[in-house]
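Next up is a structure, given as structure tokens.
Read from first to last, the chains carry the letters A, B, C and D; within each, the first residue is number 1.
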Amino acid sequence: MADAHEGLAPVRARVLVKPKAGILDPQGQAVERALPALGFSGVRNVHVGRLIELDVEDPARLPEMCQRLLTNPLIEDYEIVEADGVNGAGSHPA
Amino acid sequence: MKFGVIRFPGSCDDVDALLACRRVGEAVILWHADRDLQDVDCVVVPGGFSYGDYLRVGAIARFAPVMEEVAEFAHAGGLVLGICNGFQVLCEAGLLPGALLPNTSLRFIFRQVELEVVTQSSPFTGRCDPDQQLSIPVKHTTGRYYAPDDQLARMEAAEQVLLRYAPGQNPNGSLNDIAGVCNEQRNVFGLMPHPEHAVDPLTGPTGGLPIFESIRAHVTDGALV
Amino acid sequence: MTPSAAPATHRELGLTDAEYELIVSGLSREPAITELAMLSLMWSEHCAYKHSKKLLRRLPTEGPAVLMGPGENAGVVDVGGGLGVAFKVESHNHPSAVEPFQGAATGVGGILRDVFAVGARPIAVLDSLRFGEPAESPRSRYLLDRAVAGIGHYGNSIGVPTVGGEIYFESSYEQNCLVNAMCLGLAPHERLIRAAAAGPGNVLVLLGALTGRDGIGGASVLASAELGEADEAKRPSVQIGDPFAEKKLLECCLELLDSELLVSLQDLGAAGLTSSSSEMASKGGVGLDIDCALVPLREPGMEPFEIMVSESQERMLCVVEPEQVDAVIAVCERWETRATPIGTVTDSGRLRVSSGEEVVADLPVGILVDDCPLYDLEPAPPSEPLYAPAAAALGADAGAAETLVALLGSANLASRVPVFEQYDPVVQSRTVRRPDDADAAVLVLPTGEAIAVSIDGNGRRVACDPRRGAAEAVFECAANLACVGATPLGLTNCLNFGNPEKPHVAWQLVEAVEGIRQACLSLGVPVVGGNVSLYNEAPTGPIFPTPVIGMVGRLPDPERAGRLAFVREGDVVALIGELGAASMAGSELAKLQGAPVAGPLPGLDEDVARRAHETVRALVGSGAARSAHDIAEGGIAVALAECCVAGGLGAVVGLPVGLDPFAEAPGRAFIVSGSEEALHGLPVIGHVGGTTLSLEGVLSVEVSRLADVRRRGLERFL
Amino acid sequence: MADAHEGLAPVRARVLVKPKAGILDPQGQAVERALPALGFSGVRNVHVGRLIELDVEDPARLPEMCQRLLTNPLIEDYEIVEADGVNGAGSHPA
């Protein structure tokens, strides 16, 4: 399938990976705790995840890449954003 | 009996595991790129930072050629022991339930911890004295065991939790103080503490030895699970 | 060749007009851009040791155990059984001040490369850290937190145990934190290799990471000179450590050496390809032709000078016989490590750099390595005190118990566990004594014998009295080794000082080196290597003069390695050595009381001290002593408290008449415990037992309380 | 300033943090090397960074938060995306 796309102009895509709702996110909590100390009030629900940027010739394969390598379905949800906007999210059944 | 210790680029505790295994049997190194498991009786996926632990701990190592063989070996009932990073790899590979998340402290932590043996009924704990706590070091940044509630309940019911951190000893925020779990078939075992670093009185407590002896006993004497 | 840069660029590159003149007359022409970049770095303090080289020649470097001394990437001592131990300490102060996590991480990565560059497998890391006062300075707490995390990140990830270290907090380090890292490596004699390039016609192969615009530092002014208007993307960038890449590089290099495929090997450190290639050529008395267009790049459009001075991490350079190149590449592929032939060894005695067809540099190796002028220091003792006293944290009227509690809870003396817990001390299964088990780390060798290592240096005491303070650091290292039963084999040192062009800093430097020299001679311990970090100076003044000593010793029986904890009720406590001279000068208590940073420090009777070391070594080695601990910061009271806390046991002690419990005289006296019979005939001052530490007529405190304040003293800042 | 916003409906914002151009990105390299082995060809320029999601009452202060806490200006660039789309990027001078 990828072959069909060889030579095509690659698409710049982003995968946004975040901790599944309900799973303790100490990183997010640490940020939330640190902000007021620096004088930033009124910040809530902080979550820290991962950003993956890549040039891909065949964007159709991105969901597969996410499920097999880029994310762990058990603990993470992801969202694929192409240069031209959101085109798919994945919340795998745990 | 014969152990095979996998060496990934980035394995750190592979030699330590090799030395520990050799206290109870034969042991060889299995190179990540080779598919030959050399007829070992037990595969050890050692600690370290396979493939730098980049992206997600264990995420890339699970795709090493040797891991395909390990999966087959496990499905055929072969014994597989995953230590620390090896535990993470086995979870990523789906050979063990659950996942490992960053320590609640968000820091790397080295600490000698006390472990409770939950059950002897496994190839990995058969020779552990259930009333004896095991003193074994942990050393990791990503050791907080997690599994969804329903799965966790099933695992507890099936006695798949083999080791727990003793009360007050949980170093990373693991659910139910879980330090080590096995699969339903009980032939694949992963734990965050490093038993291979607790086998020699010269270098510290020897709480890890019973685990290697249990494996040897299971293989050689065919001790019952 | 591209004509030289704009006039006076050499100044921005840190070269004086006189130095630039020397270069021009040496070449009988103006240097080209790439040449200027290379020369400015090779003639920098960091590479040329302009202000320290003459001084360093005074250090004794000969000894029966020395296999390789200063001049190689790391010194090596013989530990028997055909094995050598390589070790070196190096500073990464400035990068750590800029970005503490990556600065400290790449500091560890760099010292590891120095050690496997000589063919040794790294087996241990230690770190020596200095920051401003954590209670007063959020920045210092941040630097501490990130530097420790960075050291752990690199060492833990690459599988080398961090077995020891030291941390001090003083306001003189507020603007110039110190991050020194030491590494030990193990090698069979036959695998030891030197950096000297040899064999005209042989191939120069670059191993490891891609080359990017990492840490181009000073030379970046050329970037602007070259590029004209500023170009963000081309600015030099912070070096990022990749321990995974270095792990593969390390295994790869050791396999290449075991397969005898290399003629010589050299790490790439400061000044990158320029210093590594010119050092290799200089040591081998040969020339090198390099085509920098062959260097694999991480970023497009890098200028030749950028390629030649890039400090991208995780790279090594080796010389290979032409017929072995394929074999070398095969081994590297197995370890997923890039190997690229980039040049050849010549008999020209010149370093010729081309970029494809164009020659961009053609310099005699000598002008790069030997011709930089060495400067004489102009030492003068300071007329008035250089350093302000610390703010008083303890009233002069404080009672002894209160004082002991304050000392144990102070950032300088409190438990280091919150830091060491972030390091893996056991990987490689050699660690017989971990941090806090004993005064020195102990590692078992394949021969069944063991080595011990300790790192030490007390800047405040050196500031009070440079000569005696530096000598004390050497004696204290040796004392730490004695406590585990080890005999010193050699030492490495890192000289962290201010601006040597200032007479009083020059004086500190000269005096400190003299102190080290005398201590080495009297203990018979040679200096096998080290590092110098100068210009650690802020507008507010220089850092405390901080020579950091790393010492390695040998002990026959790891089973007998000493511990510091009191372990048995009823054991007697003996005081070995002379504390008569102990005083408050430069002591931790003096600091807590806000006393001036002033000497003189107590004089040291070297023979008495050496005999005390021998006695303790014998007591530990024979198993007569169940515990041994040297008396250093905080005096005998703190030493006793540490033995009690470590063992969770109390002690009842009567101090020798006239001895102040908190007076300091490091490196010469010890607390040992053991059975009455075993310690028979020694000066017994008390016994182990109970749950309190009582110094008769002085103080009595619950050990649990001491443990508690000691645990929280540093923890509260992390 | 934040006080003025107390009680306002918070805005859900995202901060995308990525390694500065030219800075070594071992994670991105590792992913790029891994993908072909899994049969995903035609993927280039992979970079791995961090995703921070937060509810903020005063989005105007986000750039300041990024510079002071959420990112390391020496080695990271960031981009702020509010629920309603991109509204600011930051590339600090090295």
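We take it that a contact is a pair of C-beta atoms (placed from the backbone, for glycine too) under 8 Å apart; a residue touches a chain by one contact, two chains touch by 3 or more.
Computed from a predicted model, the values in this text were never measured in an experiment.
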Pair joined by the larger number of C-beta contacts - B-D, A-B: A-B
Inter-centroid spacing, subunit C versus subunit B (mean Cα positions, whole Å): 36
Rounded Å distance, subunit A centre to subunit C centre (Cα mean): 42
Cα-centroid distance, subunit A relative to subunit B, in whole angstrom: 30
Set of subunit B residues in contact with two or more other chains: 51-52, 54-55, 60, 63
Touching two or more other chains - residues of subunit A: 50, 69-70
Multi-partner residues of subunit C (at least 2 other chains): 242, 244-245
Touch relationships between chains, expressed as pairs: A-B, A-D, B-C, B-D, C-D
Interface residues, subunit A side, partner subunit D - complex: 2-3, 5-6, 10, 12, 14, 16-18, 31-32, 34-35, 38-58, 61, 64-65, 68-70
Residues of subunit D touching subunit C in the complex: 19-26, 30, 72, 74-75, 91, 93-94
Of all residues in subunit B, those that touch subunit A in their complex: 55-56, 59-60, 63, 92, 98-99, 101-106, 144, 146-148, 173
Subunit C to subunit B touching residues, read off their complex: 149, 152-153, 156-159, 242-245, 247-248, 251, 335-336, 420-432, 434, 444, 558-559
Sites on subunit C touched by subunit D in the complex: 98-99, 102, 209, 212-214, 232-233, 235-240, 242, 244-245, 298-299, 312-313
